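Dumping the structure here so I can ask a few things about it.
Just so it is clear, A, B and C label the chains in written order, and each chain counts residues from 1 on its own.
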Amino acid sequence: MLRQSFHELTLTTRGRGLYEFTDAVVSWLAKGEFKKGLLTLHLRHTSASLLIQENADPDVCRDLEAFFARLVPDGDRLFMHTAEGEDDMPAHVRTALTTVNLNIPVRDGHLALGTWQGIYLWEHRRSPHSRRVAMHFIGE
Amino acid sequence: MLRQSFHELTLTTRGRGLYEFTDAVVSWLAKGEFKKGLLTLHLRHTSASLLIQENADPDVCRDLEAFFARLVPDGDRLFMHTAEGEDDMPAHVRTALTTVNLNIPVRDGHLALGTWQGIYLWEHRRSPHSRRVAMHFIGE
Amino acid sequence: MLRQSFHELTLTTRGRGLYEFTDAVVSWLAKGEFKKGLLTLHLRHTSASLLIQENADPDVCRDLEAFFARLVPDGDRLFMHTAEGEDDMPAHVRTALTTVNLNIPVRDGHLALGTWQGIYLWEHRRSPHSRRVAMHFIGE
(Lines give C-alpha, C1' and ligand atoms only; values in the text may rest on other atoms or scores of the structure.)
Protein backbone atom coordinates (compact mmCIF):
# COMPACT_ATOMS: atom_id res chain seq x y z
CA MET A 1 0.00 0.00 0.00
CA LEU A 2 1.51 3.32 -1.07
CA ARG A 3 1.75 6.07 1.50
CA GLN A 4 3.51 9.39 1.85
CA SER A 5 5.27 11.27 4.62
CA PHE A 6 6.70 14.74 5.22
CA HIS A 7 9.39 16.17 7.44
CA GLU A 8 11.31 19.41 7.70
CA LEU A 9 15.00 19.41 8.59
CA THR A 10 16.66 22.52 9.99
CA LEU A 11 20.39 22.77 9.28
CA THR A 12 22.67 25.36 10.86
CA THR A 13 25.59 26.66 8.82
CA ARG A 14 28.76 28.45 9.93
CA GLY A 15 28.90 30.47 6.71
CA ARG A 16 29.96 29.65 3.15
CA GLY A 17 30.80 26.03 2.35
CA LEU A 18 29.39 22.52 1.93
CA TYR A 19 27.71 20.66 4.80
CA GLU A 20 26.92 16.98 4.37
CA PHE A 21 23.61 15.81 5.87
CA THR A 22 23.21 12.35 4.31
CA ASP A 23 22.94 10.81 7.80
CA ALA A 24 19.95 12.97 8.75
CA VAL A 25 18.12 11.85 5.60
CA VAL A 26 18.98 8.18 6.18
CA SER A 27 17.78 8.45 9.80
CA TRP A 28 14.41 9.81 8.73
CA LEU A 29 13.95 7.00 6.20
CA ALA A 30 14.86 4.40 8.83
CA LYS A 31 12.52 5.91 11.44
CA GLY A 32 9.60 5.83 8.97
CA GLU A 33 10.50 2.31 7.85
CA PHE A 34 10.37 3.45 4.23
CA LYS A 35 11.45 0.54 2.06
CA LYS A 36 10.82 1.49 -1.56
CA GLY A 37 9.76 4.72 -3.15
CA LEU A 38 10.89 8.20 -4.07
CA LEU A 39 12.54 10.74 -1.77
CA THR A 40 12.34 14.45 -2.66
CA LEU A 41 14.28 17.20 -0.91
CA HIS A 42 13.43 20.87 -1.40
CA LEU A 43 15.52 23.67 0.08
CA ARG A 44 13.33 26.61 1.06
CA HIS A 45 15.92 29.34 0.36
CA THR A 46 17.30 31.33 -2.57
CA SER A 47 20.93 31.84 -1.47
CA ALA A 48 21.95 28.23 -0.73
CA SER A 49 21.76 24.97 -2.74
CA LEU A 50 21.33 21.24 -2.43
CA LEU A 51 24.04 19.16 -4.04
CA ILE A 52 24.95 15.51 -4.46
CA GLN A 53 28.74 15.23 -4.56
CA GLU A 54 31.75 13.19 -3.59
CA ASN A 55 32.13 12.68 0.15
CA ALA A 56 35.48 10.86 0.15
CA ASP A 57 38.18 13.55 -0.24
CA PRO A 58 37.33 16.86 1.52
CA ASP A 59 39.46 18.68 -1.09
CA VAL A 60 36.60 18.16 -3.56
CA CYS A 61 34.31 20.39 -1.47
CA ARG A 62 37.11 22.91 -0.99
CA ASP A 63 37.76 23.01 -4.76
CA LEU A 64 34.05 23.32 -5.62
CA GLU A 65 33.84 26.32 -3.29
CA ALA A 66 37.04 27.83 -4.77
CA PHE A 67 35.74 27.44 -8.34
CA PHE A 68 32.39 29.06 -7.58
CA ALA A 69 34.07 31.90 -5.64
CA ARG A 70 36.13 32.69 -8.74
CA LEU A 71 33.25 32.24 -11.21
CA VAL A 72 30.83 34.43 -9.24
CA PRO A 73 32.99 36.93 -7.35
CA ASP A 74 31.65 38.81 -4.34
CA GLY A 75 31.28 42.53 -4.88
CA ASP A 76 30.99 42.21 -8.69
CA ARG A 77 30.10 45.67 -10.00
CA LEU A 78 27.73 44.09 -12.51
CA PHE A 79 25.17 43.65 -9.75
CA MET A 80 22.52 46.19 -8.69
CA HIS A 81 21.01 44.08 -5.88
CA THR A 82 23.61 45.00 -3.25
CA ALA A 83 21.57 46.17 -0.23
CA GLU A 84 21.90 42.81 1.56
CA GLY A 85 25.69 42.64 1.21
CA GLU A 86 28.25 42.02 -1.50
CA ASP A 87 27.90 38.23 -1.11
CA ASP A 88 24.10 38.20 -1.49
CA MET A 89 23.64 38.50 -5.25
CA PRO A 90 26.55 36.07 -5.88
CA ALA A 91 24.68 33.66 -3.57
CA HIS A 92 21.55 33.94 -5.75
CA VAL A 93 23.62 33.30 -8.89
CA ARG A 94 25.30 30.24 -7.33
CA THR A 95 21.84 28.91 -6.43
CA ALA A 96 20.67 29.40 -10.04
CA LEU A 97 23.79 27.57 -11.29
CA THR A 98 23.07 24.59 -9.03
CA THR A 99 19.67 23.50 -7.67
CA VAL A 100 17.31 23.51 -4.68
CA ASN A 101 15.58 20.18 -5.55
CA LEU A 102 16.88 16.63 -5.29
CA ASN A 103 15.14 13.30 -5.95
CA ILE A 104 16.52 9.95 -5.01
CA PRO A 105 14.85 6.56 -5.42
CA VAL A 106 14.75 4.33 -2.31
CA ARG A 107 15.06 0.58 -2.74
CA ASP A 108 15.36 -2.18 -0.13
CA GLY A 109 15.37 0.56 2.48
CA HIS A 110 18.42 2.27 0.97
CA LEU A 111 18.88 5.47 -1.01
CA ALA A 112 20.04 4.71 -4.57
CA LEU A 113 23.14 6.85 -4.02
CA GLY A 114 26.41 5.80 -5.61
CA THR A 115 29.33 4.66 -3.48
CA TRP A 116 30.87 8.13 -3.30
CA GLN A 117 27.73 10.26 -3.33
CA GLY A 118 26.75 12.34 -0.32
CA ILE A 119 23.92 14.86 0.09
CA TYR A 120 25.10 18.39 0.85
CA LEU A 121 23.69 21.73 1.80
CA TRP A 122 25.82 24.37 0.09
CA GLU A 123 25.70 27.62 2.03
CA HIS A 124 26.50 30.55 -0.28
CA ARG A 125 26.31 33.38 2.27
CA ARG A 126 29.37 34.28 4.33
CA SER A 127 27.54 34.52 7.64
CA PRO A 128 25.97 31.62 9.55
CA HIS A 129 22.38 30.78 8.62
CA SER A 130 19.61 28.43 9.63
CA ARG A 131 18.35 26.56 6.53
CA ARG A 132 15.20 24.49 6.16
CA VAL A 133 14.88 21.45 3.91
CA ALA A 134 11.40 20.07 3.17
CA MET A 135 11.53 16.26 2.79
CA HIS A 136 8.85 14.17 1.12
CA PHE A 137 8.63 10.41 0.68
CA ILE A 138 6.10 8.49 -1.36
CA GLY A 139 6.20 4.72 -1.54
CA GLU A 140 6.00 1.72 0.72
CA MET B 1 -6.43 7.52 -1.35
CA LEU B 2 -3.53 8.53 -3.60
CA ARG B 3 -4.34 9.91 -7.03
CA GLN B 4 -2.52 11.78 -9.75
CA SER B 5 -3.33 14.60 -12.13
CA PHE B 6 -1.78 16.28 -15.19
CA HIS B 7 -2.02 19.70 -16.76
CA GLU B 8 -0.09 21.67 -19.34
CA LEU B 9 0.49 25.39 -18.91
CA THR B 10 1.32 27.58 -21.90
CA LEU B 11 3.34 30.68 -21.05
CA THR B 12 4.01 33.50 -23.49
CA THR B 13 7.30 35.37 -23.23
CA ARG B 14 8.29 38.78 -24.61
CA GLY B 15 11.89 37.65 -25.12
CA ARG B 16 14.85 37.09 -22.78
CA GLY B 17 14.18 37.41 -19.05
CA LEU B 18 12.48 35.82 -16.04
CA TYR B 19 8.70 35.41 -15.87
CA GLU B 20 7.14 34.40 -12.57
CA PHE B 21 4.20 31.98 -12.80
CA THR B 22 3.81 30.84 -9.18
CA ASP B 23 0.15 32.00 -9.22
CA ALA B 24 -0.73 29.73 -12.17
CA VAL B 25 0.69 26.73 -10.31
CA VAL B 26 -1.09 27.62 -7.07
CA SER B 27 -4.39 28.05 -8.97
CA TRP B 28 -4.11 24.59 -10.49
CA LEU B 29 -3.42 23.02 -7.08
CA ALA B 30 -6.42 24.85 -5.60
CA LYS B 31 -8.74 23.85 -8.44
CA GLY B 32 -7.78 20.18 -8.06
CA GLU B 33 -8.11 20.40 -4.26
CA PHE B 34 -4.68 18.81 -3.92
CA LYS B 35 -3.80 18.80 -0.23
CA LYS B 36 -0.62 16.76 0.20
CA GLY B 37 1.74 15.26 -2.28
CA LEU B 38 4.44 16.03 -4.79
CA LEU B 39 4.27 18.56 -7.62
CA THR B 40 6.58 18.14 -10.63
CA LEU B 41 7.07 20.72 -13.37
CA HIS B 42 8.80 19.86 -16.64
CA LEU B 43 9.57 22.48 -19.28
CA ARG B 44 9.28 20.99 -22.77
CA HIS B 45 11.99 23.15 -24.39
CA THR B 46 15.78 23.28 -24.72
CA SER B 47 16.38 27.04 -24.85
CA ALA B 48 14.55 28.16 -21.69
CA SER B 49 14.69 27.04 -18.02
CA LEU B 50 12.61 26.64 -14.89
CA LEU B 51 13.99 28.39 -11.82
CA ILE B 52 13.04 28.92 -8.20
CA GLN B 53 14.35 32.30 -7.11
CA GLU B 54 13.70 35.39 -5.02
CA ASN B 55 10.54 37.24 -5.96
CA ALA B 56 10.93 40.23 -3.63
CA ASP B 57 13.42 42.62 -5.32
CA PRO B 58 13.14 42.70 -9.15
CA ASP B 59 16.85 43.61 -9.30
CA VAL B 60 17.64 39.96 -8.46
CA CYS B 61 16.09 38.82 -11.77
CA ARG B 62 17.81 41.65 -13.62
CA ASP B 63 21.19 40.68 -12.10
CA LEU B 64 20.71 36.95 -12.83
CA GLU B 65 20.05 37.83 -16.46
CA ALA B 66 23.08 40.18 -16.56
CA PHE B 67 25.39 37.53 -15.10
CA PHE B 68 24.28 34.84 -17.55
CA ALA B 69 24.54 37.27 -20.50
CA ARG B 70 28.18 37.90 -19.55
CA LEU B 71 28.98 34.25 -18.79
CA VAL B 72 27.47 32.92 -22.03
CA PRO B 73 27.79 35.77 -24.55
CA ASP B 74 25.67 35.84 -27.69
CA GLY B 75 27.62 35.41 -30.90
CA ASP B 76 30.51 33.57 -29.18
CA ARG B 77 32.80 32.34 -31.96
CA LEU B 78 33.33 29.09 -30.06
CA PHE B 79 29.94 27.89 -31.28
CA MET B 80 29.26 26.01 -34.53
CA HIS B 81 25.47 25.71 -34.07
CA THR B 82 24.63 29.21 -35.35
CA ALA B 83 21.96 28.64 -38.02
CA GLU B 84 19.11 29.56 -35.65
CA GLY B 85 20.66 32.87 -34.56
CA GLU B 86 23.55 34.04 -32.41
CA ASP B 87 21.42 33.76 -29.24
CA ASP B 88 20.36 30.13 -29.87
CA MET B 89 23.42 28.16 -28.77
CA PRO B 90 23.90 30.46 -25.72
CA ALA B 91 20.26 29.64 -24.86
CA HIS B 92 21.06 25.90 -24.92
CA VAL B 93 24.10 26.47 -22.68
CA ARG B 94 22.07 28.54 -20.21
CA THR B 95 19.50 25.72 -20.08
CA ALA B 96 22.26 23.17 -19.37
CA LEU B 97 23.61 25.42 -16.58
CA THR B 98 20.16 25.60 -14.95
CA THR B 99 17.34 23.04 -15.21
CA VAL B 100 14.05 22.14 -16.90
CA ASN B 101 12.67 20.08 -13.95
CA LEU B 102 11.34 21.25 -10.59
CA ASN B 103 9.78 19.27 -7.72
CA ILE B 104 8.00 20.82 -4.80
CA PRO B 105 6.24 19.00 -1.95
CA VAL B 106 2.66 20.12 -1.21
CA ARG B 107 1.46 20.09 2.39
CA ASP B 108 -1.81 21.35 3.90
CA GLY B 109 -2.75 22.54 0.42
CA HIS B 110 0.35 24.75 0.13
CA LEU B 111 3.57 24.46 -1.86
CA ALA B 112 6.58 24.01 0.46
CA LEU B 113 8.20 27.13 -1.01
CA GLY B 114 10.18 29.42 1.26
CA THR B 115 8.98 32.92 2.06
CA TRP B 116 10.92 34.51 -0.79
CA GLN B 117 10.76 31.72 -3.34
CA GLY B 118 8.85 32.15 -6.59
CA ILE B 119 8.63 29.82 -9.62
CA TYR B 120 9.99 31.32 -12.82
CA LEU B 121 10.20 30.55 -16.49
CA TRP B 122 13.53 31.88 -17.73
CA GLU B 123 13.35 32.69 -21.43
CA HIS B 124 16.83 32.57 -22.97
CA ARG B 125 15.91 33.55 -26.55
CA ARG B 126 15.72 37.22 -27.51
CA SER B 127 12.47 36.93 -29.43
CA PRO B 128 9.02 36.20 -27.90
CA HIS B 129 8.14 32.52 -27.55
CA SER B 130 5.29 30.31 -26.42
CA ARG B 131 6.55 27.83 -23.79
CA ARG B 132 4.81 24.73 -22.47
CA VAL B 133 5.21 23.41 -18.91
CA ALA B 134 3.96 19.89 -18.13
CA MET B 135 2.62 19.71 -14.56
CA HIS B 136 2.10 16.51 -12.61
CA PHE B 137 0.72 16.00 -9.12
CA ILE B 138 0.66 12.79 -7.14
CA GLY B 139 -0.84 12.65 -3.68
CA GLU B 140 -4.14 13.32 -1.91
CA MET C 1 -4.25 1.36 -8.93
CA LEU C 2 -0.92 3.10 -8.35
CA ARG C 3 2.22 0.98 -8.41
CA GLN C 4 5.94 1.58 -8.65
CA SER C 5 8.85 -0.04 -10.40
CA PHE C 6 12.65 0.15 -10.37
CA HIS C 7 15.38 -0.57 -12.87
CA GLU C 8 19.07 0.16 -13.22
CA LEU C 9 20.58 1.00 -16.58
CA THR C 10 24.29 0.60 -17.21
CA LEU C 11 25.70 2.89 -19.89
CA THR C 12 29.18 2.59 -21.32
CA THR C 13 30.99 5.75 -22.40
CA ARG C 14 33.99 6.21 -24.70
CA GLY C 15 35.18 9.23 -22.73
CA ARG C 16 34.06 12.86 -22.53
CA GLY C 17 30.91 13.84 -24.39
CA LEU C 18 27.12 13.47 -24.51
CA TYR C 19 25.45 10.08 -25.01
CA GLU C 20 21.73 9.99 -25.73
CA PHE C 21 19.79 7.14 -24.09
CA THR C 22 16.17 8.23 -24.58
CA ASP C 23 15.42 4.94 -26.36
CA ALA C 24 16.51 2.83 -23.39
CA VAL C 25 14.17 4.79 -21.11
CA VAL C 26 11.27 4.54 -23.55
CA SER C 27 11.84 0.78 -23.89
CA TRP C 28 11.66 0.28 -20.14
CA LEU C 29 8.39 2.25 -19.92
CA ALA C 30 6.91 0.20 -22.79
CA LYS C 31 7.99 -3.10 -21.27
CA GLY C 32 6.37 -2.22 -17.93
CA GLU C 33 3.24 -0.92 -19.67
CA PHE C 34 3.48 2.28 -17.66
CA LYS C 35 0.76 4.62 -18.92
CA LYS C 36 0.62 7.61 -16.59
CA GLY C 37 2.85 8.67 -13.77
CA LEU C 38 6.23 10.13 -12.89
CA LEU C 39 9.62 8.88 -14.09
CA THR C 40 12.73 9.71 -12.04
CA LEU C 41 16.30 9.11 -13.19
CA HIS C 42 19.22 9.29 -10.77
CA LEU C 43 22.83 9.01 -11.91
CA ARG C 44 24.94 7.25 -9.28
CA HIS C 45 28.19 9.12 -10.00
CA THR C 46 29.88 12.43 -9.19
CA SER C 47 31.87 13.07 -12.37
CA ALA C 48 29.10 12.75 -15.00
CA SER C 49 25.66 14.34 -15.41
CA LEU C 50 22.16 13.74 -16.70
CA LEU C 51 20.90 16.33 -19.17
CA ILE C 52 17.81 16.98 -21.27
CA GLN C 53 18.88 18.74 -24.45
CA GLU C 54 18.30 19.13 -28.16
CA ASN C 55 18.75 15.92 -30.15
CA ALA C 56 18.30 17.35 -33.66
CA ASP C 57 21.63 18.99 -34.59
CA PRO C 58 24.72 17.16 -33.22
CA ASP C 59 26.59 20.50 -33.20
CA VAL C 60 24.57 21.42 -30.10
CA CYS C 61 26.23 18.61 -28.10
CA ARG C 62 29.62 19.52 -29.54
CA ASP C 63 29.13 23.18 -28.56
CA LEU C 64 27.92 22.31 -25.05
CA GLU C 65 31.05 20.24 -24.54
CA ALA C 66 33.27 23.04 -25.97
CA PHE C 67 31.71 25.65 -23.69
CA PHE C 68 32.14 23.53 -20.55
CA ALA C 69 35.72 22.64 -21.51
CA ARG C 70 36.54 26.35 -21.68
CA LEU C 71 34.57 27.28 -18.52
CA VAL C 72 36.11 24.51 -16.40
CA PRO C 73 39.55 23.87 -17.89
CA ASP C 74 41.41 20.64 -17.19
CA GLY C 75 44.55 21.09 -15.11
CA ASP C 76 43.35 24.36 -13.53
CA ARG C 77 45.91 25.25 -10.86
CA LEU C 78 43.09 26.40 -8.58
CA PHE C 79 42.36 22.78 -7.75
CA MET C 80 43.93 20.75 -4.92
CA HIS C 81 42.08 17.48 -5.65
CA THR C 82 44.40 16.31 -8.45
CA ALA C 83 45.37 12.75 -7.47
CA GLU C 84 42.82 11.16 -9.82
CA GLY C 85 43.95 13.15 -12.87
CA GLU C 86 43.74 16.70 -14.17
CA ASP C 87 40.25 16.06 -15.60
CA ASP C 88 38.78 14.71 -12.33
CA MET C 89 38.08 17.88 -10.37
CA PRO C 90 36.78 19.66 -13.51
CA ALA C 91 34.42 16.68 -13.88
CA HIS C 92 33.09 17.26 -10.33
CA VAL C 93 32.59 20.97 -11.07
CA ARG C 94 30.74 20.20 -14.32
CA THR C 95 28.48 17.82 -12.39
CA ALA C 96 27.74 20.54 -9.82
CA LEU C 97 26.93 23.00 -12.63
CA THR C 98 24.44 20.55 -14.16
CA THR C 99 22.51 17.78 -12.37
CA VAL C 100 22.32 14.05 -11.58
CA ASN C 101 18.49 13.95 -11.20
CA LEU C 102 15.77 14.17 -13.83
CA ASN C 103 11.98 13.87 -13.52
CA ILE C 104 9.63 13.52 -16.43
CA PRO C 105 5.85 13.03 -16.29
CA VAL C 106 4.48 10.12 -18.33
CA ARG C 107 1.07 10.53 -19.99
CA ASP C 108 -0.79 8.23 -22.40
CA GLY C 109 2.26 5.98 -22.29
CA HIS C 110 4.60 8.75 -23.51
CA LEU C 111 7.25 10.84 -21.78
CA ALA C 112 6.21 14.51 -21.65
CA LEU C 113 9.38 15.49 -23.51
CA GLY C 114 9.24 18.32 -26.02
CA THR C 115 9.72 17.65 -29.74
CA TRP C 116 13.47 18.30 -29.63
CA GLN C 117 14.25 17.01 -26.16
CA GLY C 118 16.44 13.94 -25.68
CA ILE C 119 17.81 12.41 -22.47
CA TYR C 120 21.60 12.38 -22.27
CA LEU C 121 24.34 11.02 -20.10
CA TRP C 122 27.15 13.58 -20.08
CA GLU C 123 30.47 11.91 -19.42
CA HIS C 124 32.93 14.43 -17.96
CA ARG C 125 35.97 12.16 -17.63
CA ARG C 126 38.33 11.72 -20.58
CA SER C 127 38.61 7.95 -20.27
CA PRO C 128 35.80 5.43 -20.93
CA HIS C 129 33.58 4.63 -17.96
CA SER C 130 30.65 2.43 -17.04
CA ARG C 131 27.84 4.58 -15.57
CA ARG C 132 24.76 3.43 -13.70
CA VAL C 133 21.39 5.22 -13.82
CA ALA C 134 18.73 4.28 -11.23
CA MET C 135 15.25 4.55 -12.77
CA HIS C 136 12.03 4.76 -10.78
CA PHE C 137 8.44 4.94 -11.98
CA ILE C 138 5.37 5.59 -9.89
CA GLY C 139 1.94 5.64 -11.47
CA GLU C 140 -0.41 3.43 -13.43
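Everything that follows uses one rule, which is that a contact is a pair of C-beta atoms (placed from the backbone, for glycine too) under 8 Å apart; a residue touches a chain by one contact, two chains touch by 3 or more.
Remember, it's a predicted structure, so these values are computed and weren't measured experimentally.
Trainee: For the two copies subunit C and subunit B, is the contact made of the same residues on each side, with over half of the numbers shared, or of different residues?
Mentor: The interface of subunit B with subunit C is built from mostly unshared positions.
Trainee: Rounded to the nearest 5 degrees, what is the angle of the rotation that puts subunit A onto subunit C, matching CA atoms?
Mentor: The best-fit rotation has an angle of 120 degrees.
Trainee: Taking the mean of the C-alpha atoms as each chain's centre, how many Å separate subunit B from subunit C?
Mentor: 20
Trainee: Would you please write down the residue numbers of subunit C that are in contact with two or more other chains?
Mentor: 2, 38, 71, 97, 99, 101, 103, 138
Trainee: In the complex formed with subunit C, which residues of subunit B make contact?
Mentor: 2, 4, 6, 38, 40, 42-46, 71-72, 76, 78-81, 83, 89, 92-93, 95-97, 99-101, 103, 132, 134-136, 138
Trainee: Can you list the residues on subunit B that touch subunit A in the complex?
Mentor: Touching subunit A from subunit B are residues 2, 36-38, 51-54, 57, 59-60, 62-64, 66-68, 70-71, 97-99, 101-105, 107, 112-117, 138-140.
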